[in-house]
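Each remark here refers to the structure printed beneath this line.
Think of it as A, B, C, D, E and F in the order they're written, each chain with its own count starting at 1.
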C-alpha cells in the first residue's frame, strides 16, 4: 500500500488522472443507484483541498468498514463533472495514517510550531505576579494539554482553521497585547496575557481535528467557553495544592470571567458581558486579530484561488457582514 | 438592648411613633448637611417592608462601624415626609441578630421548609437509574450545600425572592415535571428531575441573603449557570470516587448542558441553546413556573398593597412585558 | 381503474417498479422540453411519503384537466435519478378518491379519532361554570365544525401536521392543563381548559387539508387567530340567544384575549401579549406541547428515515433554533 | 353650583387665584399625611390644560364618592409649588357635567365636526362598486356608531388625541387617498377609500373619552384592530341580509385584511403584514398622515408652550425616534 | 456583422434556434472542461431577458479580449438543458454597440424620456424661493449630469430598475408631493420638491448602467446618499459663486439632511434619521412610491411571466416582507 | 470685576460660602415664582464641576441679556438644598472671559497640547506615499482647522469629553496603530495612519466647545462622519490643485470610506460597513481606545468622586452595557 506523501496533492490533480494513496474522507454516505444498487457518496481531501468522491458499486460490508469521518486508502480516477473534478473510486478501505501521513492530510499552519510555542513560553515568562507565573507553569507542565494546544486548529471554519491555528492565534494575541498594554498604564498586563493564553484553551476539547475538523459532542453541548472555565477551576486547585502558592482572592474569578466573557456579547456565545478593563481589552484584541486576519486572507490571499477570475470585490464575508474591496490604491 | 421580635413591624408603623429594636440596613451613605456636618442616609427594613432613614448628626467613628448592608440596633422616631414615612434615627450601632431575629428581618417563604425539603428528597427517591440516584444522594449528603439550598432565595427580585424561595421553586418544578412527564413517554424522567434539582443550585453561591438580597462578586462575574456546571463537575467526580458508581458516558455532559441551557436563549443568560428533549422541557417548565407565579402574585396577591386604589390592570410587569388584567370574570 | 388501497405505498417503492393507482398531486406545472414540447413537473404523494413526477409528453387539454393540488389516477414507472427515485408517468387523469382512498393518501394520526374526541368531550364535561359549560356544549353541538375539528391537521408543517393532528394536539393540551392547574390554586381552570379547546379552532378555516395541506386565502389574509376570535363572537351570541344563559361580563373578552394572545409575542403572530394569568398559562402550555413534540419526533423518531446514516445530532430544527443531540445517555 | 363655562380656563390661572367650578379629575388617590390623616392627591383638568390638586383634609366618605376618573365640582385656590401651580382644594364633590360643560372640559378638534362628517359622507359617495357603496351606507346608517365616530379621539396620546380627532384623521386620509390614487391607475380606489374609512373605527370601542382619554378593558385585551374586523364581520352580514346586495367573493376578507394589517408590522400591532397593494397603500398613507401631523405639531405648533424658551430642536419625539429641527430656513 | 435590432429578442427564442447578433454579456468566466480545455461560461442578455451561454472551446486570447461585463457580437445556437434554454456559442468577439443597439440591449422605461424630463423641469419651475430656484437651475444647466439623470436606472434590482427609471421615479415623487403638500399648509413645499429632485441624484455615480446594472466601486464604498450630499456641497458653492445668489443660512444643511436621511433608518442606509417635517415627508413619500410600485408590478404585472402557472399569491417579495394576494375582488 | 482664576473652584465650595467671579452658565430658563414673579433657573459650572443656580428676583431685561449657554459674572452664596449645594445668585451679568479665564471654565486635557500635536506631526512624518504625505501636509497647513483640532473635545459626553480630547484620542490611536501594524505585514500602514488622523476631524464642526459642549445644528443634521468626508473632498482637490501631486486612483474613495465606516455598524452611525482591511482595522482600533479608556476611567479613576462610598462595582456604563468590577486582584 502506497503512502500519501509520495503522491500528487489534490490541488495538483488534472482531469482523468489515476490516483492512489491515503486520503481523508468525510460525509461518507450510502446511496442507492438506478438499479437499487448501493453506491458510496463522500468527500475526499488532503491538506491542499477536497473533491467529491463516488464509488458506483460498493458492497455493504466494505461500506460498513469505512469511517464516516476518518482516513482511507483508495485508488481511482479523476473525472470532470459539471465543470469540476470528481473522483471515481475503484477500491477503498479504512486506513490508519502514520503521523507523517497525517501531516499531509490535514491543513496546517505554515509557521514553525516549535518556534511559536517557544515564543508563547517566553511571553509567559514575562508575567510578574508569582502565583500567576506558577499557574502558567502548571499549564505548561501539562504535556498532554500542551500537545493539544500545539496541534489544535483555532476554529472549524473561519480564521486559523488549520492544525497549529490555535497556537498561532494565541501567539498573535500575546504579541498584540505586549504592544498595546504599555499604552494603558492602568491595565494589569498579567491578567491580559494570562487571559489571552487561557481564552481559547477549551477548544482543545471542543474540536476534533484528528480526522476532519468538527465539534465534539461535548463541544456542542458545553462549549469551549465553559470548558475553559472548568479547566481553570481544576488547574488552579492543582497548582495551589502542588506548589503551596495561593492565587490572591478574586484572581481565579477574574480569570474565569475573562474566559467566559471573551466573545463579548451573549449572541456570540459569551456567558457574561466583559466587566473588567482587562476582560474588555482581551475581548476586543481577540476581535482585532480574528477580523483583521479574516479580512487580509480574503482580500489579499497568498495564492489566488485557481478559478477566481478577479473583480474588485470578494464574496461576502459573513463574519464581517460585507464583501471586501481588494485593491490597495497605494500599492504599486 | 431590645430584640427585634417584641417590637412592631414596619408595615404597622404609624406617624410619630417611637421605634427601638433590631433592623436590617442597606445603602448606608454619608451625606453632608447644610453646615457641612455629616449625616447618615440609609434604608431600614424588616421582613414586612422598608422605609428611608436619616440621622442628622453622626460622628464618623459611629458611621465607620456601621455595615453598608447588614444589621443594626437603633432607636428613633417615624416622621411623615412628602406623604410617606421616614425614620429619624437618634442612636444606632452595628448588631449581630440571633437566628430568631434574623427570621424576623428578612422576607421568607410562608411554607414549611422542612416539609418542602422532605418532599424534594422523596421526589429524588423516585429516580430510577442507580448512578443518577447516587449522584442525587451525593448532593443530599452535602450538608453545607443543602443548608444553603433550604435557605436561599430563588432570585434577588422577581419570583420567589425570599428565604426558602429556591427550595419552593425547585419543589414546584419537580411536581410539575412529575405531572407532565407521563404525557411524553419518550422523555427520560430521570434527566428531567435531576436537571430541575440541579438547575438553580448555583444560586446558593450567586446570591447573598444573610443581610440583604444581592449578588456576590462571583455571581456577577461567573454567574449561577456556569457555577452550577462547575459544582456538578466536582460533585460527579467526588461521587464516582466515593461510591465506585460510574455515570454512563455522556450523562455528565447532558446534565451540565441542562444547567447551562435552562435560561433558553443567550439574551437571557443561557450559555447554550437547549439541545436535547429533556433540556428543552426543563427550560420550558422553569419558564412556566416562573411566569405563572409572577402573574398570580401580581394579579391576585394574597394581600392588596395598602395604598393600592385598584383599577382593573396592574402596573406593567417587565418580566411579562405587559400589565395584567386582574378580574377573573368567572369568579363570584 | 384500480383504487389506492391495494397498491404498494410510496415508502415501499423500489427502483424500476411499475406503479398504478390513486395519488395526491401537488405543485403541478407545465414545463417546456428541449424541442419546445410541454412536459409535466409535479410532486406525487400518499400518506407515507412523496417523490417527484415527470411526464415527458403531455397535451395541454390533459394538463388543463389536472388539479394544481388534488388527486389523480396515474400509471408509470419509478426511475432512480441523482441517487433518488422519481416517477416517470405514462398516463394521468384527475380522480375523485373515495373517503377510504383519501385516508390512504394524506398523512394521518395513528391514534383513534373517536376515542380522542370522546376524551375531549369528557374533559369539557369537567368545566364548572354553567355558562362556560353551555358555551362548550354549543361548540360540541356544531356538527360541521366538530367534524372539521376531528379531521384538521394542527399545522401545515411543524408539529402535528397530519389529519387528526389538531384534535390530538388539543387533547394533549387539555391533559397537560388538567395535570398542571392543581399546582396553581389561584388559576381559573375553566378559563384555561376552555381557552385551550378554542385556541386553535380557527385552523379549521385557515388550513385546507382535503387535497394537500395548505393555507386558504382567508388563512393567509386573516389567519386562524383572528378567525377563532370571530367564531367565538358568533358562537357566544348564538349560545346566549338559544339557551338564555349569559356569560358573565368580561368572560367573552377574556376568552377572545386567550385566543388572540396564545402565540405569545407579536413576532410569532400574537395580536396581543398574554395579559391574564390564564392567557399566560395557555400560551406557555401550547409552547411546551409543541416544542416537546417537535424535539421528540426529531431526536427519537418511531422509525428512522431510511437513508439516515446516523450521527449524534439531527439536522437543525428551525422551530427550536438548534440541532438536537439524539442519544439518551441513561438508556440501555 | 356654578357651571364650568363661566369660569376662567386652566391655562389662564394665575397664582393665588380663587377657583370654583366643574373640572375633570383623574388619578384620584388617597394619601396619608404626617399625622396619619387622609389627604387627596389628583390631577385636575379642563380642555386647556391640567394641574395637580391636593386636598389636605378629606373624610373617607367624601373620597369614596369621588370618581377615579370623571368630573367634579370644586372650590379652592391656586398655589405656586416648586415653580409650578398646584390647586389646593377646599371643597369637592362628584358632578355630572351637562353636554355643554363637557365640551369645555375635554380637548377637542378646532375644526367643524358637522362639516368634516359631511365631507366624509361625500367622499364615500364617490365609491363605485354598488356593494361597497351599500356597505358604506350601512355604516353611515348606524347612528350610534356614527355618533361615536364623530366624537372619538384618534388616540390616547400621540396624534389627533382630542375629541373629533378620529373623524379629522379619517377625513385627512380620505383626501390623501383621493389625491394619490390617480397616480397609480392599477390601485383599486374603492378598496383604499373603504379601507381607510374602516381602519380605525374599532377605536370607538377601544377608547373611553367621556371622562378622560383611556383604553377600555376590551381595548387592552382585544384592541381596535381585531375589534374593527369583528365589527365589519357583523356589518357586512347585516348589510347583505337587509339589502340583498352581496359583496363579491373575497371582498370581505380583503377589507378585513386591510384593517388587520394597517399598522404595518407585528411589532406595532398589525395582526398580518399588508399583503395586497391596497393594504400596503392604506398602511403607508396612515403613516404619512400620522407622522407628518406629529412632526408639524411638534416643530411648528400653533401656539408655543408658555414656558418654552426656545432652542433650535424640540424634545425627542418618540414616535419619530428623534428630536426635530424647528427652523424653516426658507421662511421669512 | 449584423446589428441587434433586426434579430429576434431573447424572450422570443425557441429551442435549437440559430442566433447571430449583438448582445450584452455578464459574468464572463473561464472554466476548465473535462480534458483540461478552457471553456467560456457567461450570461447573455438583451432588454427582454437573459439566458446562460457556453462556448466549449475558446482560446485564451479570445477570452482575454472579452469584457467581464459589456457587449459582444456572437453567433450560436439555442439548446434546451434541464428544462431551460442555454446558448451554445460558436463565435464571439467584443463589440461596441451603437446607441440604437444599446437601447435594444438594456431594459428601459416605456415612457417618453423627453416628456418626463420636461415635466420635471416644469415642476421645478414652480419653486418659489429665488435661491432654491437658482439652485435647481444650476443642476438643470449641468448637461452632463442631466444626461445621466435621464438615463440612469433607479436601482440595480427592485423598483424602477431600468434605463430612465431614476427619472420616472423622481417625476412620480414630484407629482405625489404636488398632490400631498396642499394638505399640510405648514410644510415648506420648496424644500420637499427640491429634496425629492436631489434625493437620488447620487445614483448617477453609484450605478453603472452602460453595460449591465451594477454598482461602481465608489458606489459600494461611499454610496449614493453621501455622494448626493457632496454633489450638493459643490453645486451650491458653484451656484452662489456664479449667480451671486445666496442660499439662506441653514438651507444647504437642511437639503443635505434630506438627502442623508431619505432612507429613514440607519439599517436601510440613512446616515441620519429624518429630523425636519420636510425630511420626514420626503422619506415617507419615497417609500410610498417604491413599495406601491413594487406591489403593483408583482401582483398585477402588465404581462404575466411566461411560465407562471398562477395561484392567488405571488412569490415572497422581500422588499415587502410578504407574498402578495393577486385578485382584486371588486374587479370584473 | 474679579476674574475667575483667583476664586475657589466649584469642587472646593462649602456650604454658606460667598461666591464672586466668572462662571459658565447653561440651561438658563425663566420660571415664575409663587407671586408670579420671574426667577432664574440655570446650571453654573467651571472646569471642576457644576451646581444648580437660582436667582429669585430677576427683571426681564437682565434675563434677556444672559446667554442660554455661555459665560457670566455673578455674585451669590451657596446654600444646601436636599443634601446638595445650590447657588443663590444676588447679581449676574453676561461676561466675556479672557482666554485665560476660559481655560479655567471648561474641562480640559491634563496633557501638554503642544507636545501632543508635535507627536501627531511626527507620526504623520512617517507616511511613505508622497501623495498621502502631501495630503497630510495640506491638513497641517490649514491653521484654522489645526487650531480647532488641538482644542476640540472628542465627544460631548463619553470618552475624552474635554478640551484637547480629540487631539489626545487621535494621538492614542496613531500610537496604537504604530504598535499594531507591524504584526500584519499586508496592512497598508499609510492608509491606517491617515485614516485615523482624519476619522474624527469632522467633530471640529460637529461640536461646539467654546461655551459648553454640545452639537451644532449642522452636527445634528449632517454629522461629523459625512462632514469629515466632505472636508476630505475639498482638501484633496485643494492639495492636488496646489501641489500638482495626484492621489492614486481610488485613494480618495478609500480614505472617505474609512471615515464613513469608522463607527462599524449603521446602528452606531456608520454610513457604510467597513469593507477594506484598513477600514476594518481603523474601526476596531477606535473601539479599543474608546472602550478601554471608558473602562479605566470608570473602574480606576485618578480621583474617587468625593461622595462615592465604594462597593466593588461601578454604576452601569451604558457604552459598555455593564457595570464594572473595580478591584484588580493582583494589585497590592
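Just a few scattered comments:
The rule is short, and it goes like this: a residue touches a chain if its C-beta (ideal position, glycine included) is under 8 Å from a C-beta of that chain, and two chains touch if they have at least 3 such contacts.
Please read these numbers as outputs of a predicted model, since none were measured by experiment.
Common neighbours of chain C and chain E under the contact rule above are A, D. Using the average of C-alpha coordinates as each chain's centre, F ends up farthest from chain C. Across A-E and D-E, it is D-E that has more C-beta pairs touching.
One finds 44 Å separating the Cα centroids of chain B and chain D. Centre to centre, using the average C-alpha position, chain A and chain D are separated by 62 Å. Each of residues 217, 220-221, 250, 253-254, 257, 275-276, 323, 325 in chain F touches at least two other chains.
Applying the touch definition to every pair of chains gives A-B, A-C, A-E, A-F, B-C, B-D, B-F, C-D, C-E, D-E, D-F, E-F. Here chain B touches chain D in the complex through residues 14-16, 79-80, 83, 307, 309-313, 323, 325, going by the rule given at the top. Those residues of chain E that touch chain D in the shared complex are 129, 132, 172, 175-176, 179-180, 183-184, 186-188, 190-191, 247-251, 253-254, 257, 265, 273-277, 280-281, 284-285, 287-288, 291-293, 295-296, 299-300, 320-325, 327-331. Residues 217-218, 220-223, 225-226, 229-230, 233, 250, 253-254, 256-257, 260, 266-267, 269, 271-272, 275-276 of chain B are the ones that touch chain A when the two sit in their complex.
Across the complex, chain F meets chain D through its residues 28-36, 39, 41, 68, 217, 220-221.
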